[in-house]
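One chain, chain A, appears in both complexes that follow, with chain B as partner in the first and chain C in the second.
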Partner chain A sequence: MTAESVPRHSPLAHAAEHFRTVTRLSGGALRLAEVPYLTQLTVRAEPGGPAVPGAERALGLRLPAEPNTLTRHGSRTALWMGPDEWLVLAPPEEAGGLEDRLREALADEESAAVADVSGQRTTVLVGGPASQELLARGCALDLHPRAFRGGCAQTTLAHAPVVLVARGAQKPGFWVLVRSSYAGHLGAWLLDAATEYTSVLVREW
Partner chain B sequence: MLLIACPWCGPRDEAEFHYGPEAHHDHPADPALLSDEEWGRYLFFHDNTHGPRAERCCHSAGCRRWFHTVRDTAHHEILAVHRIGEPKPETA
Partner chain C sequence: MTSQPHRLPDRGRVDRARPLDFVFDGTPLTGYRGDTLASALLANGVHRTGRSVRLGRPRGIHTAGSEEPCALVQVESPFPEPLVPATTLELHEGLRASSLAGRGRLSPDQDPARYDTLHAHCDLLVVGAGPAGLAAALAAAHSGARVVLADEQPEPGGSLLGTGEYVDGLPGAVWAARARTEIEAAGARFLPRTTVSGYFDDNYLLAVERRTAHLGDLAPASVSRERVWRIRARRVLLATGAHERSLAFADNDRPGIMLAGAARAYLHRWGVLPGRRAVVLTTNDSAYAGAGELAAAGLDIAAVLDARPRPGRRAARAARAGLDVRAGQVVLGTGGEEHLSSVTAAVRGDADRTAQDLDADLLLVSGGWSPAVHLYSQSGGRLRFDEGLGAFLPAGSRQRVESAGAARGIGNLAGCLADGAAAGRRLVEAEGFPAGRTASYATEPEEAETPPVHLYVVPGRGGSGHARHFVDLARDVTVADLGRATRAGLRSVEHIKRHTTAGTGRDQGRTSALLTTGALAQLLGAEVGELGTTTFRAPYHPVSMAALAGRDRGRLFDPVRVTPLHAWHTAHGAAFENVGQWKRAWYYPREGEDMAAAVERECRAARTGVALMDASTLGKIDVQGPDAGVFLDRLYTNMMSTLKVGRIRYGVMCRADGMVFDDGTVLRAGPDRFLATTTTGNAAAVLDWMEQWLQTEWTDLRVRCTSVTDHWATLALVGPASRALLAGLAPDLAVDNDSFPFMSLRDAVVAGVRARVCRISFSGELAYEINVRSWEAPAVWESLYEAGRPLDLTPYGTETMHVLRAEKGYPIIGQDTDGTVTPQDLGMSWVVSKKKADFLGRRSHSRADTSRADRPQLVALLPADPHFLLPEGTQLVAEDTLPAERPVPMLGNVTSSYRSAALDRTFALALVKGGRERTGQLLYARTGEALVPVTVAHPVLYDPEGERRDG
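Let's turn to the complex of A and B:
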């Protein structure tokens, strides 16, 4: 009970107001917002090995085999993180249940593991038609859909390690997953980089 | 800036990688069985190649996997990359 009495505080809660201001002042070019508390599970298993089908059944989606690709089903996403490693994203309310189901599915597997890493990173939505150009100011990868076909990558943005996830063809923009301790830096950088679209610098906190 | 082709992720900026030591210079299976001279040779004696040299490399800002590169030490051209466990490719 003790743990539940501590109020949750997302790493970019203090930036929410500034993100809203940028979104408003950009006149539709940009949308910035934290997407806090997503359920994030690291799944380790031998690719093509016996643990994979069970994990996929528990998740209701396929674990992508190709580097830097993702799969989606409903509100869940699986990101390729390494040849034997995936990051599963799900809504906050799935935290306990999904992990339990995965553990059950992998209980008899010797070389598979699941870990709840939800607290490790927070997520920033960088949306709108200018989102790709904005991220290009601090990221060496070509994020044009023609080049960024797999839809996800681990790289650096403004020198901070991030996971970039394209939102898909219909919705221009990205989810930027950033470690909690780098989130303040990245939030400040995004506000600064957005100046071109807002005409004024939305002050840092 | 070098572009290094991670065998998993493809070409990425040099800044995403962590440089490792000479490849195929494997840790002895049982160091306790070695003489001081043999252990010293493992620790301190390297080829110091001028030309193509196999090295370890970690894609630390990406997939975080170690792999091997063959880099020409004279001009930094990376001639080949290969995954751990794969044989060193021919780079004549």
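Let's turn to the complex of A and C:
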């Protein structure tokens, strides 16, 4: 038996149907969906130090230096999480391989560290023209494109700690990274918050 | 009675095509869409809306807005709401309301409506959509700045709605509606029915939007009834207007006495003449326009009493138009029981000789205008008293806020429009948004103003006192009350407010504050300016608790954290326990089982067969770096750096005071990599503690800490049969004791999933903790459960975990400890290193207090009656009778107490003074009135030799 044959169960699997209902009833205003199983790696290194170029080569993208900014390349994203901390997002199939390559690249760098945190958080897509207002119901940050220029922030949404990632200029909306244990709460909150866009309360499960 | 006898056929902004039935005090009445309850009542000839709070005097509609001190009614349906101003309550189908005597009734039922909140950010927030606010928003809206305009009324216009004035040749209300359209088309947000109630630091303001209450029964359930706006504004412009105020004369509180501007508004906005024959009393020019318009609309004006000896040009014009203007006259008193019937006029200062009774059912009063400086003051703004205007005006704030229009004392329409436009332009340009050309607005010409006279108290007939000269109608405070306060020695307006309650009503003294201060100045022989104002605090307008709660109620009140296995626990009938924000499976009752029976069965399974628990809530922190061992040595009381790769060690952490802070295991995954576990409740605190030391004190250590609590799920497989079960699911893992000894870890494939298996036991039994990625946990759990069926694998919850660990004397940090307990107190000196040079808390362990012999120590207690379960928290005493001494000298208290299947009896853990020395002693536990004998025992009651952990 291999690991791939074992059924996986994402933190918001039970909400998928409700998310689809909201998306349908909102008439295009909102799109809710879980983006599960993303590869997520915490990378720690001294900013500007010798470990950073190696990590960047292994990742194939630059690590953002400015607070609350992100970089993207292909299907990979690096989020600034602290002066010496980044969260790297990659497709699920990169699990293992990417971590090994990074670890190899940083093997001689004593101040650097890599940790696989893929199971720590799941990701919720909050898309559509009403996405900013939906999040403003539970998040105090200014998410207007003019203010949320860096595109990434660690904050609270509905009293749960989250990482917010703007999807980019072309696609209105956000990725909300939420800890697996808080995901059910956040999912229930999103369904409740969407009520005015769907005209009915899409019931919590 | 004719329907709406006081309604004019063709005036006002009500929709005569939309009549609305409503009920007031049981009487069915009719009004129109666009009415307030007050305007509809006045149209039907109803003034009296209740009685006063202290004296029970009849009171009626005094104003036409949110500043109303008297006409506070009880809404009975659609949903009961107390103390709602009739002057702002929008009439709707199905409204039932009742008069009140100063106090309302809260509904005992749960409010079924939704309330929600929205955070908003803007470059400019304009508060108030009157002429100044609209002009400001028009000037700012095209600049590209984010502009929000909030107004408490259903439609924009502010005073323009009630004065009949024209702007740019358009009726004020029409101009305002067009301005709104333009502002919104430019991208600004207009919030009607929105009262900005709080102004906090960093230009953070709180506003409440009333969204559906005006729809009555037709309010859609999916739309929030009220919304709290939490607004962060770069700049704020307060265009909040001004409140007219009354004067203190005898019997100035009868129904039928209202502010002059209010009557004008009832005419223009609602097409209502609130009486047949009126007397006007004024100290200033503002009453003349309304008096003339009301007279033209058919109100018989008996006289205009102008307190000024030379009222000036506007008065002269009114006299030429036929009004009986009486210079230098005031009101001495009024007559009438339930409603005003007469007004006594007299020359000011010559009352007794000149008094004359005038028949009237309406008395319109203008004692001057008080700028609404409440929010400005809340912002931290200073106020100064302007002697000429007789008003407190904004005089500088530490925040980025300005005032415009009547809110800073500008008294005419043209001035307010120009002031607002200039301010709107200036404020967005200060934020870097070019505003372009600023419009100017055409208004009707006005005669030059004659200054007001600053009059507050009008003495009654000789020697009649001031017991019915009201300054605060909402709180029934009179000039006589103020006199008593000053005679008691009070001089500060703050003290007098608290002594008399003046200004503490629902309206917070909107119409009464300056009148109160003016009356006080007269009593004290002081200047109004030197007395100042009381402190303005949020909220400016009452905010319901339901609105503040918003969606944070019920299930959404506080996040609930669950493990990946939560659905399984629920499906298998688990009862849950709250541990911090976590829901943990507590026990799994079978059909007909109570908690005790379920826990006993689960305990027996763990001790005799095999049992499975979800331990995923344990905090897990990945600690990496070449100095990780040194770091952990400083953090834990025992040695961690000597741990071999692949091995696990239990550890205790103390705060600097030497008291136990947390405990858990540390495993070494590699030369430079450890995983520390924490208690469920302390995961975040321990990570913070680690970061605090790394970032502030031990910055030289090359260590990185990462929370992986939610990344891993932890499945605890416990019991003598656990080895066989694991072996079946992990064929490549050598599970015999020599290959996989206690306190070691192995990476292995379990049930087809890559797992980290640790031999850790919190029960004393042979046990494994299987760690897998969170999303794989349900599949692994199911595999274990299925494979365990032949062995009667029993899922167990936290209660059983507690019993099992207590039988072994393992303390739970936070239950058996309370932040005043050292490791030594717990009997765990073995976990405190004698070799290490230092660790957090070490020095505190040698303090005289931490080393004294009679400290509370952890022991077990065995009740003499083996079936008696001691309540946790029970206090312990030495004798079987309570001594006379008070307080009774206590020896300690019970921290944990359980029924034990393994011991076939009840037992408890307790912290007892010098407890270890008392082993074998009989103590007494005070439960209710009884003193129950208990024997002190060593805390390890089960398998003290530790023979069971290897199976």
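The rule is short, and it goes like this: the second predicted complex is superposed on the first by the 199 of 205 C-alpha atoms of A that agree within 3 Å, B and C clash if a C-alpha of one lies under 4 Å from a C-alpha of the other, contacts with A are read in each partner's own complex, and residues count from 1 in each chain.
FYI, contacts are C-beta pairs under 8 Å (C-beta built on N, C-alpha and C of every residue); 3 or more make two chains touch, one makes a residue touch a chain.
These numbers were taken from a predicted model, which means no experiment stands behind them.
Of the two partner chains, chain B is the only one touched by A:Q154; chain C is not.
In the superposition on chain A, contact is made by A:N68 with chain B only, not with chain C.
In the superposition on chain A, A:E17 contacts neither chain B nor chain C.
Taking chain B and chain C in turn and counting the residues of chain A each one touches, the greater count comes from C. Contacts of A:A140 after superposition on the shared chain: both chain B and chain C are touched.
Within the superposed three-chain model, A:M81 lies in touch with chain B and out of touch with chain C [touch as defined at top].
Within the superposed three-chain model, A:E93 lies out of touch with both chain B and chain C [touch as defined at top]. Within chain A, the residues touched by chain B in the first complex and by chain C in the second are 140-141.
Contacts from chain C toward chain A in the complex involve residues 114, 116-121, 146, 220, 222-224, 230, 232, 551-552, 555-556, 558-564, 566-567, 582, 617, 622, 624-626, 702, 704, 706-713, 749, 751-754, 773-780. By the touch criterion given at the top, residues 1-3, 5-11, 14, 36-37, 42, 44, 110-111, 113, 115-121, 133, 136-142, 144, 147, 158-160, 179-182, 184-186, 188-189, 192-193, 195-196, 198-201, 204 of chain A touch chain C in their complex.
The touching residues of chain B, counted against chain A in their complex, run 8-10, 12-13, 15-16, 61-65. On the side of chain A, the complex with chain B involves touching residues 67-68, 81-83, 140-141, 153-156, 161.
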